[in-house]
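Following this line, the structures themselves.
Two complexes follow with chain A in common, the first pairing it with chain B and the second with chain C.
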Partner chain A sequence: MIIDPISIALITLGGVLIGLGVHFIPVGGAPAAMAQATGVGTGTVQLAAGAGLTGLISAGFMYNFLATSGSFTSSDYILVLASGAVGAMIMITVTMFMGQLVYVYCVGVPPVSAKVDKDPITGDQQDIYVSKGTEGHGVPTVSFVSGTIGGLFGGAGGSMVYIQLMQIGNAPADPAIIALAGIFATGVFYVNAVLASYNIGGTIEGFHDPKFKRVPKAVISCLIASLLCAIIAVPIMGGVS
Partner chain B sequence: MSAVEGGPASGGLPPNTIIAIGVIGGLAGIYLTMLNQTFNTTIFSVMGAIGSIFAVVWGADAVRRVCSYGLGTGVPSIGMVALGMGVVAAIFGLILPETGILPIPAILGPVISFIVAALIGLVIGSMSNKILKMNIPIMEKSMIEIAGAGCLVMMGLSASIAGSFAFNDAILPGVVSTGYIAIVFIGGAMTILHPFNANLGPDESQYRTLYVAVEKAALTMVIAGFASLTVIDTVSAAVTMLVGLLIFLVYFNKFMKSVHREAYKVVGTGLLPTAEELG
Partner chain C sequence: MIDPITGLGIVALMGALATIAGAAEDLESDVGSQSNPNSQVQLAAQMDFPHRIFNKAISGEPPAYGLWCATGATVASVLLVQGMSVIFAIVIGSFAGAIMLGLYSVTAHMGRTASQKRFKQPVYMDMVIGHVPSIMAHGFIAVFCIVSFSYIMWQILEHPFPLPLLAFLWGITAGAIGSSTGDVHYGAEREFQNQPFGCGLNAAFSGNIVRKAESGLRNGMDNVWACAKFGGPVTGLALGGTVFFDNWRSTVFEGWTAVLAGLIIVVILIFANRLVEVQGRKAYGPFKDDDGGAEA
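Let's look at the complex of A and B:
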């Protein structure tokens, strides 16, 4: 029985990073599917989970590569985190880019934000391009950058949960430990992503959206939820090995 | 996406009846797989999946009740969080007696999982209302129900695949190491979130939603049976698949009948017109 405070703290931190990352992702929900809101046309959880699970796979690959070949040092730890983050970033950017192609060339709308008059990054005029009766459309530059940052946080957070569980399991090549850590990381990921999406309540454009100011509430919620999950998960992983 | 009806769901069986059906049916199904050990066979694995159908009915009804208030994020999110909470609680409860940390008999595993799931659900539900200010009056109660149902579905399907709910002997090698746990996770989440998501709208009715719940749970049962082909023997897997298929056909039929009865008119649109027909 090991209640390792450092592992619990790191798993909790991972969960908080996931919750934070979700707020950066431009989620348009059903309105965006009809090009009536800025962002990608699906729900928060689907987008975050898609990116996060890809991050988990890339982190798992890197962890397996590094941990089975010898000792797992702290620089390896950062490498796995980076691998997970990059995996999630690639997934979310590809999703946003392909969505953008559909919005621009198939639906025929200019990517525009309805929440700000000028794009905070490029300084381009936004408000005159918003179609009447809509909340913007497509994925403007600021939302794209924001989404990529979201992938970074989400992927790093998910990987952190996974690495920590694998470290407690202490058997990098055992399929049972890998599957258990993977499914736990997925469970923690979903709990945090859903809590964050309840905080957002539908659609968000990115860090320039007024709704982004709600982040502290999500951080507190994710902290409590992840702490609870971590306290449960740590003895299990310790118990299996 | 958001079915903003802004009020409690009404009609049909009262919530407490469904809760009783879900809890008793779900736990009974999981415990009945113990007949496998008693009679030294694997044929009773099917009971776990049947138990999961009861739990799915409960979960889908709880989703129906909470989502009729309008979550703002779509129904799927709540199904995913159900199994997210459920999987953590299920594995914890099943493994705890076997680690020997606390002197608990292994037979209590599923009950511990269920209680832990309810606890996580309570925490998440109260945070949604108190911190995130979702202001859904039944959020706490529903989250407890959804987490509990998710946990029972998870354990029922796993016990059905592995033939037992003993963690280290059956579920770890049979469901976790093989990766079938991912199917159980997504399949279980789908069965809980899909029924209301498919039926929501002003003319949603409880029995039609629950027909879809039973039908989806039966389909997942077939998949679980298919997975158990490689874990337990062929005959038991075939029994699970056939029973699942039978339940699926019966309830899909019931669902289609209710759709035909309640729709104003059902017409076939035919195939899309070809270029010549349009020109």
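Let's look at the complex of A and C:
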């Protein structure tokens, strides 16, 4: 029995990219929904999954178009990854922007980070804009850019898992194979998003947050979890010769 | 492949359906109080503030809407295979999803509230009877619209994913957007109108939610009335924008040009966010002096 090691490695890499991407997404959890913490007012897994799975829909579209119209080359592979990444980036930026409109024009708070004194991108002073009894509020520019990068990694990671499973299935037009690959990619996404969420512990503002230094731990745990997922997924998709 | 003009019309229709779905999804979570702001409804009774706000948090909104939409789309798919017309199949499927939402709402509300007996929080039966139909109605509209644009994507745009999987993924996205945008209006503004405008909620006031309405005691219906003025429509625009922009770029452009078009949209949104940030900083704060010391 031979299992293709490259497929296993790429699915694992996809999982690690998802785990990494989650750390970039600025989420404030329940406190952010009350404008008590910086970031988007929802849970880590929720937002990361929403973005990543939107990317998966885009990637599925592109893969189907390229794989059914001829041979699937390496440049096609990168194009599908990019398409998934951009799909996730669009979802997360639209969501953060609309959330920002609610924070500024409805709740009435300035977007501010409580973890740095100055925004590393715009240079705006942050600490004096943090209102009393809160850990910041809204989505400042540094968190917005960080969230965009998170969408890129999450979307690319989810797409990589999907493409690899489809390549193993080797039937780009078969609805059963597509459904299996799609739901497995979703599952791998959730496994890694939840693992990363434990590492974050509720809230994170983005790459400038001190919690971001915990990323290496998440990479190791996501690597192990994704490897296990890949070992289960590859034979189910028919990747044993 | 369909021609670009027809494609644009289809994408616009999908965007419109997604906008209605997003608004209905958020308003459903306001009537029934789901997701993050519900932590305050749950906390209120424990802080000695018994209330008449509907309390249900079945799960996070994304998995919840993933389930309702997948249920609706699965039922619709089965009926379509049996030869039923598209509209009837989706309506019946969405009704099945709404019934599940209603069932979970009743059990979640009664279970959660009954567990707060020690905090003297009553279970108001008139609230169960009054709120659940409204929750189901909003849920029905959201599921119907999500399954409908998923059907268009699957059948007309020829997306390879099966209809239930597409609806499941879009349901998760709708829930993620609803809990990220509209819920902030409900959580940070409507629940805490007793706190000063222009700053975040001081953590010391957690649980002290507004319990009196414009007339009588406040309930979920009063909350949805207020949130329909901003939170709901903004959520609709967010889901509509996501569906429209993502599909627009792949309908109008092909290959790497579609990727580039998506990146341009992202960059425009980063700059737009900066403009809003600057306006926010001018309008509110600073809350301390330049040394970060005493309150200004």
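One rule holds in what follows: the second predicted complex is superposed on the first by the 236 of 241 C-alpha atoms of A that agree within 3 Å, B and C clash if a C-alpha of one lies under 4 Å from a C-alpha of the other, contacts with A are read in each partner's own complex, and residues count from 1 in each chain.
The rule is short, and it goes like this: a contact is a pair of C-beta atoms (placed from the backbone, for glycine too) under 8 Å apart; a residue touches a chain by one contact, two chains touch by 3 or more.
Nothing here was measured: the structure is a model prediction, and the numbers come from that model.
When the two complexes are overlaid on their common chain A, residue A:D124 makes contact with chain C while staying clear of chain B.
By the touch criterion defined above, A:T141 lies against chain C but remains apart from chain B after alignment on the C-alpha atoms of chain A. In the superposed model, A:A49 makes contact with both chain B and chain C. Between chain B and chain C, C touches the greater number of residues of chain A.
Contacts of A:A218 after superposition on the shared chain: chain B is touched, whereas chain C is not. Contacts of A:I25 after superposition: neither chain B nor chain C is touched.
In the superposed pair of complexes, A:A179 makes contact with chain B and with chain C alike.
In the superposed model, A:I149 makes contact with neither chain B nor chain C.
Once chain A of one complex is fitted onto chain A of the other, the partner contacts of A:T95 are limited to chain C, with no touch recorded for chain B. Contacts of A:A82 after superposition: chain C is touched, whereas chain B is not reached. 29-30, 43, 45-46, 49, 175, 179, 182-183, 186 are the residues of chain A that lie in the contact sets of both chain B and chain C, per the superposition on chain A. Those residues of chain A whose C-beta lies close enough to touch chain B in the complex are 1, 29-30, 43-46, 49, 175-176, 179-180, 182-184, 186-191, 193-195, 197-202, 217-218, 220-221, 224-225, 228-229, 232-233, 235-236, 239-240.
Those residues of chain C whose C-beta lies close enough to touch chain A in the complex are 35-37, 39-40, 60-62, 157-162, 165-166, 168-170, 172-173, 175-177, 179-189, 191-192, 197-206, 230-231, 234-235, 237-238, 241-242, 245-246, 249-250, 255-256, 258-259, 262-263, 265-266, 269-270, 272-274, 276-277, 279-281, 283-290, 292, 295-296.
For chain B in complex with chain A, the touching residues are 1-2, 71-74, 76-78, 80-81, 83-85, 87-89, 91-92, 95-96, 98-99, 101, 116, 120, 123-124, 127-128, 131-134, 168, 172-173, 176-179, 181-182, 185. Across the complex, chain A meets chain C through its residues 29-36, 40-43, 45-47, 49-51, 53-54, 56-58, 60-64, 79, 82-83, 86-87, 89-91, 93-112, 117, 122, 124-125, 127-134, 136-141, 144-145, 148, 172-173, 175, 178-179, 182-183, 186.
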